[in-house]
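One structure, pasted below without further comment.
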Amino acid sequence: MRRKTVSLLLAAAMMTSFAAAPVFAEEIETEEATQEEAEHVYTNAADGMTLAIVTKAAGNPYNEKEAEGFTEVVEGEGGTVVVQHPESATADAQIAVINSLISQGVDAIAVAANDTNALSAVLQEAMDEGIKILTLDSDVAPEDRATFCNQAGVQEVGQSLIDAVYDLTGGEGQYAILSATSQATNQNAWIEAMKAISEEDEKYASLDLVEVAYGDDEYQKSTDQTEALLQKYPDLKVICAPTTVGIAAAAKVLQDQKSEVVLTGLGLPSEMAEYIGDDEEHSCPYMFLWNPIDLGRLAAYTAIALVNETITGAIDDEFEAGDMESSPYTLTAVGDSEEFSEIILGPPFKFDPENIEEWKEVY
Amino acid sequence: MAGKSGRTISAEPRGTVKKLLFSWESAMVLVFLGVILLGNVISPYYTLKNVFREMPKYLSEIFIMLAMGYILVLGDIDISVGSIVCLSATLACIADNAGLPFVLVVLICILTGLACGCLNGFIASHFTELPTMIITLGTQIIFRGIAEVSLGPGGSISLQNKDAIKLLSRKIGIIPVSFFVVLVFALIFIVVLGRTTFGRKLYAIGSNSTAAKYAGIDVQKIRWIVFTVAGTMAGVCALFFLASTYGASTTTGQGFEMEVIAMCVFGGIATTGGKGKLIGGFFAAFIIVCLRIALGQINMNTQLILVIIGAMLIVSVLIPAIGNALRLARKKAEKA
Amino acid sequence: MSDIEASAAQQEDIILELRGITKIFPGVKALNNVHFQLRRGEVHALMGENGAGKSTFIKVITGVHEPEEGQIFLNGQEVHFRNPKDASAMGIAAVYQHPTSYAQLSVTENIFMGHEIMKGRMIDWAAMNKEAQALLERLNANFRVTEEMGALSVAQQQMVEIAKALSTGAKIVILDEPTAALTANESKELYRIVDQLRDEGVSVIFISHRMEDMYRLATRVTVFRDSQYIGTYDVDKITTADLIKAMVGREISDMYPKPEVAIGGELLRIENFSRQGFFKDVSLNVHAGEIVGLTGLVGAGRTETMEAVCGITKPDSGKVYLEGRELSIRKPKDAMKAGIILLPEDRQRQGLILKWGLGRNVTLPIQEEMANSVFNNEKKERQVAREYLESVDTKAVTIFDAASSLSGGNQQKVVVAKALAQKNMKVVIMDEPTKGVDVGAKAEIYAIMGDLAKQGYGIILISSEMPEILGMSDRIYAMCKGRITGCLDRSEATQEKILELSME
Amino acid sequence: MNKKENGIFRKITGSREASLLIVLIILLALIELLQPSFLAPQNIAQIFRNNALTMLMALGMLCVMLTAGIDISITSVLAFSGMTIGLLQKYDVIHNTLLLFLIGAAIGAVCGMLNGLIISKGKVAPIICTMGFMYIWRGMAYVISNNAWASAEDVSGFSDFGKSGAPGPYIILAIAYVIFFIVMKWTRFGRRIYAVGSNAEAARISGINVDKTITLVYTIMGLLAGITGVLSVSIYGSAQPNMQYGKEMDVIAACVIGGVAMSGGRGTVVGTFMGALIIAVIAKALPLVGLDSLWQNLVKGIIILVVVILNVVTQRVMDRRALARREM
């Protein structure tokens, strides 16, 4: 008899968790959305359009926030939105999803690319079908998209990160970079920018980048890589992690081990609230990021502008982005090319102990 | 030396039509048509053109499914095919970046697969005491380990000259080239398993490898050949994978072996060996592909699709047990 | 069962009685209205041909099978056994011919599995090891209880099975062909153990083919034939000839229609075949039309030698000549191509694919010959299969019937058909062709052997059934412990001489 | 071959644990030479902490493999149970650590029981049944998470249990290994698992309920996977749907190196522990030998093949030795 009662108990516990979880998921969505909506004003610009966003992968709150911003603007403007989180953070998974969107004949697709050149075939095919293609957060080869919503100029990000390293190391010493996957375009771009800046200006000459480790945006691998860095370089001073997963994993390792290595990089305030602080207790004095929700909103407005043909992706095109702060946005050149453009959301935003409490509720 | 009692035994196959109609394979065809119907109902975009556009990504796995069918019929298993795809694609990219001509890149891709399969076969045939699950568990980790080491800390590599490989992802009309290649390979594999002496030897080994040995079949040589073929097909799959993603990374091919085994089992091929037809696996593959395309077009959460496929797999293998349970229940009812 | 009968049973001190037991398996009636009585403290022999129903009967007593009809009485009370655990709980334990043990686990554990000695909720290993060692000492075994079961010899495993029976306090111990796999002195050891059991008041039933076992141990013997009870006799009141007559049911001579055949030239000759641990310096030959008997006890190396000749295993040394030409045989296909065909000892595991249909089994070795290039020729295969299956008079409805649905005798005929279908056959090696076959089918198999001899094939008959070897062979080689110990011509061969050659 | 030498030879190769211990000692000695501080307690603690998840699940895998089965759904069950308790904390439903562990264990046990029933009653091949559930539970982890994470802040109180330096994980590991060591050696249930794996038919005849044993074994595996899921959330201080993806092969590898036979009936708790330890130590030792951590998988794969092939070779040598002793 005992065996029977035990299995009944287990089944009951199981059922409650089944029922409970999805309910929670719905609940939080509605509560967050209502708080935002009240402030924004819309002009029904996306009437009759179907706009799609393809994030890097499922199961990552940063991507979720981007999709949230995108959805909010598209629905606000009266269009229909399609949100697709690929099965895994690989180009292969994104190709399948984009193919499906081409079949659905959507008007525009905004992609956060997992790989610089793996998507070129499928994006070309989409453009041939008359679908407007734009990228956000992580770019592809410029010829494969109309324009790129860049959350912050590569130079600005590189500059603020190298300055942070300079400040935290006191001007000299060893530092390491913990990145996401090696083929993520934005990561590599920022790291190249940091290296270029530190070579040109001899102010950073005595900074020594010992290693670029790759955590693949996987929590355990990022943890293992952080521990490996600590063990390999005893007199390491600073770790710079320009990825939300990497920085959260590294922060926990450093804070738990009370290591004097200091952390900076790009992280979500809601994730990093636990670790931001100047005192010994906290592992990350300050960090940077931008508002992924705003990035999603900008991508939506860019898509609308492209579909309405108000912009074609050429440099110096200009378009209104609803009631966003630095609207209207102009398309600026990517690096020094005449042909390919990008839109900069704004400079990276600094999160430190003072403002972390306020921002951790937002995203 | 006519039989003393002159008793005759009939040699005419009877009821073949009935057997064919109620076989697992015909059920697969029905389910396949059902999925096509479902697709059209739930998604307005479920046109032939769109289905063929979205198919190539899944087509490359069917190459391995064909060879995995052989391995399962033998009563063995190979969980290293995913890692072989990874290693083959990686070495092909390295060759391409080193400037080797496209033909050599293709050769390297396929020969790497062949070599890995040959290693699996060698160990399986010379250490018959070891279950092939353990052997391919070891080689799975080794092949992916070699790929990780050759990719270096970056963990990924991309093809330099993409235009050469583009001919593999071209389309004739709306149908991708890889679809025709898959059909040709499928035809060969199905006929060889079903109609040739080699095929029947596989069924014999899968049903009772000792009796097969006593009947003069060189069991270990055949197992070696089949594992080598499986590795080679993983190489071919890697080639078509490169044709769609122009690059490889340490996670390439992850989980391929499980998807491919699921297709075979869903198609009626038993993991215990000696049972099932490859045509069943072939249709099962297309059932899963077309279902994923249909559900994708209604933007169902990609992970929920995996839940559905997992559930379908379990229900399909439970059918015999459910059948027996019903028969037993009926018999008890009659007896009572 | 009325009280009077119960008390009568008490006086004669019947511990176990079975009445009117009938057991039906698909297609064959394994036991037909069988009776049996066992007295307390008695050693009772159970004899009969292979396939006479002895093993099934034992499985009924130990609760493995439930009889369709009949009653079982233990100490006069009727009992029903739903599974072996019931039977062993009532003091009935069996030691099977191939001990079903846990190869990877220790001797102690094999003895006490299912009825461990507990200290509270924990197994008391110390006590179990001590008692197991005591049980083994009682049977004066020479190995430790911590040994792994798989590492022990068959004789040692049997001792453990007997110790297991004793550990459950069994009052009735059943031994199924206990001496089949034992050497002479191991058999003597077993006799001592059985005596010891009897002195301790344990009743013993044992099945054996060896008259020697019966004379040495039993007081009474019950004979089964064709799944029926023939009679129970006092050992000292019945002569061997009468016993064999009861077992076989008719004179030996007409049982084995050995045709007079002109012996032709030498077909197959093997010279000093050796393989470490199995056989040493084995040489023999067989002529066209000749049936050569190869006999000896289990483990003498007969099967191993022939498997080496046929390329299934690799011998350390040895030459094979066919019609004077030397052959190099590395794998089974080489032997089959040369025309040396083996009918393996274990029909179900080695000779046939049970799941397959009869036709497919017959044509498996020769599918290449009938195929056009690589593609099978199903139509031609069906014809050939039907022709050969009918030539050996197989009782089957269609060639698509599964081999598993046939009786032992019919399965053997399918294996013979499989050999005949290999047209280039010159020599056929039949390993225990009539083991587990009903008497009717046996006669038919002997008839087939006679026909093959008449057609000039060379036949090597491996068998451990004395009447069969004497009845069918022109010449008889005896083997013991891997060596040929003698070759007797049909005229000079007798049961005693062969036994003498088979035992060292 | 005289008696004494035969004894020693068999003692070494005979007992699996002895040979594993020797391999481990040689390994540790070598590493100590290269980096003296390797055996520092803090380093050892980190080895156990990083591999706590594999070691804990290896116990369940031992039982499953003893019945000649296999379970590749364990990391999906882990993700599903970990995600559930992560979400329960994120939405402030439950914060009590013990209750969270119980719920995680309950979820795991039910998932395990489903496996067990389908494999034993449904007569489905273990690899196929657990493969189906691998997809199902991993998918469910994503579905219930709805792309939200349980971030460090959500689980802040709870993660103190598994923080580095905190005793939590070590206690769970120690308790689990002690319980299993006792259960597998000294209880009837433990020995029944060996019997079912070694000879299911003989077990059935001697009155052991084979189906129930198999179901229980998979339930235990699920239970451990559930607990490991909760432990993973507290150690890493967060819960994501893709956690521990593809790590089930490491658990199987630990058992295989520890001498557990895939054909059932052979394997011990101590052997499994040492198998997991050998993999962990090698992973830690590679950087010291100058091999980048990239080489870790390659070396691990080679060790698995070498260990299993060595097993076969030593067994063949012993058989040939036994044959040679049979005087002809």
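In order of appearance the chains are A, B, C and D, and numbering begins at 1 in each one.
The working rule: contacts are C-beta pairs under 8 Å (C-beta built on N, C-alpha and C of every residue); 3 or more make two chains touch, one makes a residue touch a chain.
Note that the structure is predicted; figures quoted are calculated from it, not measured.
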In terms of CA centroids, furthest away from subunit B sits chain C
Of C-D and A-D, the pair with more C-beta contacts is A-D
Subunit B to subunit C, mean C-alpha position gap in Å, rounds to 44
Taking each chain's mean CA coordinate, subunit A and subunit C are separated, in whole Å, by 75
Chain-centre distance (mean CA atoms) for subunit A and subunit D, in whole Å, is 36
Each of the following residues of subunit B touches two or more other chains, namely 153, 301, 303, 306
Going by residue number, subunit C touches two or more other chains at none
Touching at least 2 other chains, the residues of subunit D are 142-143, 241
Every chain pair meeting the touch definition is listed as A-B, A-D, B-C, B-D, C-D
Per the touch rule above, subunit D residues touching subunit B in the complex are 70, 72, 118, 121-125, 127-129, 131-136, 138-143, 241, 246, 249, 252-253, 256, 262-263, 292, 294-302, 304-305, 308-309, 312, 315
In the complex, subunit A touches subunit D at residues 7, 9-11, 13-14, 17-18, 20-22, 24-25, 27-29, 57-61, 63-64, 85, 88, 218-220, 223-224, 227-228, 231-232, 248-249, 251-253, 256-257, 268, 270-271, 273-275, 360
Seen from subunit A, its contact residues with subunit B in the complex are 58, 82-88, 90-93, 95-97, 99-100, 102-105, 115-118, 120-121, 125, 181-183, 212-214, 216
Interface with subunit C, subunit B side, in the complex: residues 1-5, 7-14, 192, 195-198, 200, 204, 207-208, 210-218, 274
Interface with subunit D, subunit B side, in the complex: residues 77, 123, 127, 129-131, 133-135, 137-146, 148-149, 152-153, 254-255, 258, 261-262, 265, 270-272, 301, 303-307, 309-311, 313-314, 317-318, 320-321
